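The same subunit A turns up in both complexes below, where it pairs with subunit B and then with subunit C.
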Partner chain A sequence: MKSAPFEHHEPDTVDEAVSLLESLDDPTILAGGQSLVPMLRFRLANPDVVVDINGIDSLDYLDEGDGHLRLGALARHADVEDSDLIDEKYGSFADAAPLVADPQIRNRGTVVGSVAQADPKGDWGSILLAHEGEVIATGPDGDRAIPADEFFLLPYDTTLGEQELITEIRVPEPAPTEGSAYHKLKRKTGDYAMAGVGVRLVFDDDGVIESAGIGMTAVDITNARATDAEEHLEGERPSPDLFATAGELAAEQSNPESDEHGGADYKERMVDVLTQRALSDAAERAGTVTVQRRVTQ
Partner chain B sequence: MSSEPDTPDAETEYQHDDDGGPDPEKHCGHGRGGMGEEVTRKEDKRFITGRGNYVDDIKKPGMLHCEIVRSPHAHARIEEIDGSRAEAMDGVVAVLTAEDLLEHDLATMPTLMDDTQDVLVNEKVKFQSQEVAAVIATDRYAAKDGAQKVEVDYDVLDPVVDAEEALEEDAPLVRDELEDQEDNHIFDWDTGDKEATETVFDEAAVTVEEDMLYQRLHPAPIETCGAVADWDPGMDKMTVHMTSQAPHAHRTLFSQVSGIPEHKVRIVSPDVGGGFGNKVPIYPGYVVAAAASYVLEEPVKWIEERSENIQTTGFARDYDMTGELAATEDGVIEGVKVDVLANHGAYNAAAQPSKFPAGFFNIFTGSYDIEAAYGSLTAAFTNTAPGGVAYRCSFRVTEAVYLIERMVKVLADELEMDPAEIRRRNFIPSDAFPYESATGWNYDSGDYEKALDKALEMADYDHYREEQQRRIEEDADKLIGIGISSFTEVVGAGPGKQCDIAGIEMFDSADLRVNPTGNAVLRVGVQTQGQGHETTFAQIVAEELGMDVDSITVEHGDTDTEPYGLGTYGSRSTPVAGAAAAVAARKVRDKAKSIAANELEAAEEDIEWERESGEFHVAGAPDRSITITEIAAGAYMNHPGDEEPGLEAVNYYDPPEMTYPFGSYIVIVEIDRETGEVDFEKFVAVDDCGNRINPMIIEGQIHGGLAQGIGTAMLEKVTYDDNGNVTGGDFMNYLLPTANEIPNFDTGHTVTPSPHHPIGAKGVGESPTVGSPPAIVNAVVDAMSHAGVTHVEMPMTPDVVWETLDEVGLAHQPAHNVEFDLGDDAEPADD
Partner chain C sequence: MTDEREITLTVNGTEHTIEVEPRRLLVHAIREDLDMTGTHIGCDTGNCGACTVLKDGEPIKSCLMFAAQADGAEILTVEGMEDLPEADDIHPLQEGFREEHGLQCGYCTPGMLMAGKALLDEHPDPDEETIRDAISGNLCRCTGYQNIVRSIEYAAEELENRAAADGGAVAADGATDGGPAASPEGGHAAPEFGGDADTFCGREDCCGGPDGADPFDRDALLDDAGDADDTADADAGTDANDRGDTK
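Our next item is the complex of A and B:
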């Protein structure tokens, strides 16, 4: 890596990090380096000052508390991939983790860093949206919780303040009749998504969809919610036709562009397909339906 | 010494049991590591333990670092270059431009096709990232920082990146510096009998035609190109450690470019981290490093970055082809026609023998006995990086094999015939060898039907045909496709009179010295890049001298000590240098007989060598025997008075013909009708490379080449936008397959020895890259051919496949075959 020269700071605590963000001129935060390191290597990013948060041990956690699943800023993708808690209760996270980048990058890259990067082709933003999660930002005035819906503005642009550090993301603990899933299409291991869809379904005791959350990857200028599809699902019982219509509505609400990851039409159609697949998985995981195939394969 | 080596009967002496694989007891016999044994690779100890020595590992006292300033534009005139801000920076020693190189007559260099390429751009940039200036600094970071401060004023011109557009009348002229070059046309070439072929087509019952693009690929070795140049003003000698597949040829070219006499130029190619054809040409970076070392009188290192490698060094393929076949109603192919538009980039820098402007493309009749053939090709300059290197193939044979193997599938579908059966009807019969093709190639040996039959059996072909039909009938969500490729390769250039590189005939060489203590050093003119030469060539010597393979060291890559050779590419190392090693060993064996006679006090004509035991003995008295180790001692300590002391031999081998390895690959894919994703269900590769030296190394070669074939068919393509910007210039966008994209391979083999090769061997390293892409494309097409699909362009990413599914009405929605069970007691289902 032949980056341009920069000043490197290694705070040990969140307080120290926040005061560095306050006092330094235009600092860039380094967590796993999944995006920043390649940008330094290509000299697409030429920061004068880097605040490296990898030494802040208090940010290295993945647990449940306060009715939430909580991921600290140093929880790596691999931590999610290896977690029994995730396997047991958080289908969408379990689906997504092994699909992020490649194994080497997952050992280093962080979930929070990926959310903070706000690349519309990142996976975790869609899951955060589907679960109606929150971003915890810590700044000079303490912590504030930013709802996922209010976090993403534009590609690589969020409502995070310049002197704030994301210390955690959190999503509500699932109800017993809840299921979630994430489906992603990519050309190869390590590639960004051609399209991805995260889904969370909460059912009432009669098997009716009480609440639906759908987040989409790589098909808009940010990770985006498919609100029309969500509304269509709520108050209904699951069926292939219901999910097919939801898929169509999600596809209609997406705004993909043609690029090296595929044509816009293809991506739109894949939003439809991936939404239906994720909905089926989520409904099955909630224990509401069993999917039957009429023919093998 | 005998000049006529005794060629063993390959069939009986090296033949393996067909299905049982290598049988050490049967052929070499004694665990000495001769022919056919799975000897573990001698080179792996240093690689596995991190002790390899690559160009970037080389550090010299006072060594400076070179960073190249590259043009952001594809087509632009340079108005001014200002290096003063860079030169003022700490650590920056010099900024070099074309002007500085002109002083030393180093501003241009010849390409392998005798074009002239700027080392640093003198007037006009002709492709994006072309070399404009070089910054020499005390470390890599300073060099890179300095490069960012070099200011270049460009007058940006309209570029042309597409070959067809380049040949239009009003296209921007890429090479306006060439006299008489008024357009972007480079050359026309044709082959075969046009008139006879037209007649066959006019009279044929059935004809088919298909357009297909073999997209621009990059060999993308994991080690990029680089050099450490070290001019020694005391010795007047230039030593260049560089990433070279052909160190001797590069020495000659270096001497010609620089004017330094060849005996004062030393090229060392240390461990090479993959070449695949990328490291055959000379690149400006090498010349800049050498020029900088000459001017500054310090060693200078240049190591290319990944993006620089993909964006500027030799690409492969980029052949836009139209194929046509003429056949009878019964599927007997009577004629083949092909027309090609070749994009050569900004310079004609293809890497192939001088007399072959389209490489070996004219072997496009493939494995089939076709009466009439005609091919034509037009090559064009464009504002893209120069190339046309043989990416893990023998000079455009990959494009030829793709064309014919795709066309046979197109014909089979037109006639509604089984693609295995149509191949069988058209194969060159096994008793027709040696066979001369309609375009003049002399095939040495082959048994194509045997390889195909074996592959069909391994693939469980009939079962999958039934399964394919069932899925179609039941309108299942995943379609099965079965693709076949029964390819023939042509490898092992020379002969020298037909094949030369920049005038140097394509022989190769081996120099074998047996030491007094009975071990030996073999020096060869070819250059391993991972092929396992240090093991394979030692096995040849072990076999031919009865020595233990561990007693033989193979050296390569240093032009000061190795005999002159043309290097490793086009699967030529075993056919040419391997032959030289065998002949050199047999020469040593001949001399050893006279020493044996002296030691055993018998007449030389009574001394016999026994392959089985590896020992020399007196005829009729097997107990009066002597080993090569004992003979070696005799050669130095008790040499016969009428012989020179010592025990060594050199052979420069000019092959009488090329070798023609072949095989049949069968690929079975499953296509997701909802997303267009393609999964490999089965991947069978049956190869025939004649007698097999090390089956394990061959299998490793096959695995690697199949992975590259999958990359070609499914993922890889160098792309440009209309402004000539490379849009696939890094590994984020140029998609190499990983282990996750690679299925398990079922490999098998048949053995049809080469009749003219001293050990009956043929080249093999490139067969899988050449043979597999058409098998994969044929499989994907086959899954949809019932709906009328005849072709899918590479790379077959999910969107490309889905669009084809959608066009012919085969795309599915997830709800298509699904019902939900909403029972109260519904349990979460296992997936």
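Our next item is the complex of A and C:
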């Protein structure tokens, strides 16, 4: 299949991109294109104008600064996968990157593009939620930071303005007693998640959970937080029972749909299991405790 | 309508300037504009990996990017494998697919070869898990993964043997992705099939070594990739024997 014809713009700078977004009629932004190109080809998307940001070199970064891990709009999944910084400090990112699609797609697809796509089955949205990260949107009036909680509206729909470009996503640098993890269930390489759970735990010096963030993939109309489970964890010491209850609460709060890969009940059960596994990994990585997994399957 | 634009693609070391519409996919530019049909289109959805090529050394699916986005890039396709520095008549990976029966219908093979090439460039001595990861974006519907893994293992060993035999002269890390011009090996007397102990694959139950008769005579399958080359005539004799040039 071929795309419908479109006008192809290739700005070299963010300023140029933003003024194109301002002046053009309903443009579509093309980054890694691993979701958008098939959508164009199947004519699920039919933009007259495409603004291709791959030439904006200033957006190609993955680093720490301003107290955050920052991923520019051109950081590819493979950049996360290959990063020593990620391996050392950001467990959830390190877990998720090799589970995204397949090697070829990870070489092209971008993390920010995946967030912008807002597919509820995308992995990075859950991690952004779990870390209470931010989306940096650049528009005619400059930059604004959108908290992850306020970003996702509906499948493929976000609070990004029409004339805005996501230039970066960021999550706070981890505290010394913090750990994070991501677990995902999928049928085979290349598939989207049937269910996925990202977790971030921050402990105080006494080993009590000070703050918990849990983001769920593919089990609601958007990536969604498991707030009941988070509240249950905060102020408590980690234990198998605590994590088991958190898993149940996350499962209760999820709203998966039955499909050819599994029924809603099964997916809820998987949310429970994946939550417990991710909590256990996150606690271990925080370095304060080792919690025996109750669910070992 | 949108205007066509001029782009330059360096494919297998040769620069091509073509005019494409923005919506032209890279795979269509390679197959239809450049007439190189070794790169296959399998699924048309980005799942199967048959269209995998190396863009600036990295494996990508050429059905998931527009040709205009590859303007100025170096592309390696299966047609360029035999001209790589580490290739004799054919690339060690192609040799591996032949020796280990890594193909049945052959449709996925070009993509598998490119994924294998990208892997060996980065990990010259991969374990099985690493190989399986590297080809996880490539589907084989003949269910031939086991032999494909063996084929890539064969190539890794072969490259290692050659590197050892040549005192490390062969770029086993494949740092150069250039075409023929980049070949440091040139007509160097790299190990040929001919009973050289260095090239014996080491498996008793295999084909009896690289100079043994191939009972399945699958050679012709790869001949198209191998016979257009310009290697020294002195090689022709062994070629004809070993590869059964029966087109």
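In the analysis below, the second predicted complex is superposed on the first by the 288 of 297 C-alpha atoms of A that agree within 3 Å, B and C clash if a C-alpha of one lies under 4 Å from a C-alpha of the other, contacts with A are read in each partner's own complex, and residues count from 1 in each chain.
The working rule: a contact is a pair of C-beta atoms (placed from the backbone, for glycine too) under 8 Å apart; a residue touches a chain by one contact, two chains touch by 3 or more.
From a predicted model like this one, the values you see are computed outputs, not experimental measurements.
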Check the residue A:199 against both partner chains and state whether it touches subunit B (first), subunit C (second), both, or neither. neither
Which partner, once the models are overlaid, touches more of subunit A's residues, subunit C or subunit B? B
Touching partner for A:52 - first (subunit B), second (subunit C), both, neither: second
Figure out whether A:2 sits in contact with subunit B (first) or subunit C (second), or with both, or with neither. both
When the two structures are overlaid on chain A, which partner does A:29 contact: first (subunit B), second (subunit C), both, or neither? neither
Tell me which partner A:37 touches in the superposition: subunit B (first), subunit C (second), both or neither. second
Looking at A:189, would you say it contacts subunit B, subunit C, both, or neither? Reply first, second, both or neither. both
One more residue to check, A:101. First (subunit B), second (subunit C), both or neither? second
Going by the contact rule set out at the top, does A:62 touch subunit B (first), subunit C (second), both, or neither? neither
Can you list the residues of subunit A that touch subunit B in one structure and subunit C in the other? 2, 4-5, 38, 102, 189-190
In their shared complex, subunit A is touched by residues of subunit C numbered 1-2, 5, 21-23, 25, 28, 44-47, 49, 52, 58-61, 63-66, 68-69, 115, 118, 133-134, 136-137
Would you pull the subunit A residues touching subunit C in the complex into a rising list? 1-8, 33-34, 37-38, 40-41, 50, 52, 54, 78, 98, 101-105, 107-108, 189-190
In their shared complex, at which residues does subunit B touch subunit A? 140-141, 144-145, 148, 305, 307, 471, 474-478, 670, 674-677, 715, 719, 727-728, 730, 732-733, 735, 737-738, 740-741, 797-799, 802-803, 806, 813-815, 817-823, 826-829, 831
Show me the residue ranges of subunit A that touch subunit B in the complex, using the header's touch definition. 2, 4-5, 38, 42-43, 102, 185, 187-191, 194, 207, 237-241, 243-244, 247, 260-263, 266, 269-270, 272-273, 276-277, 280-281, 283-285, 287-297
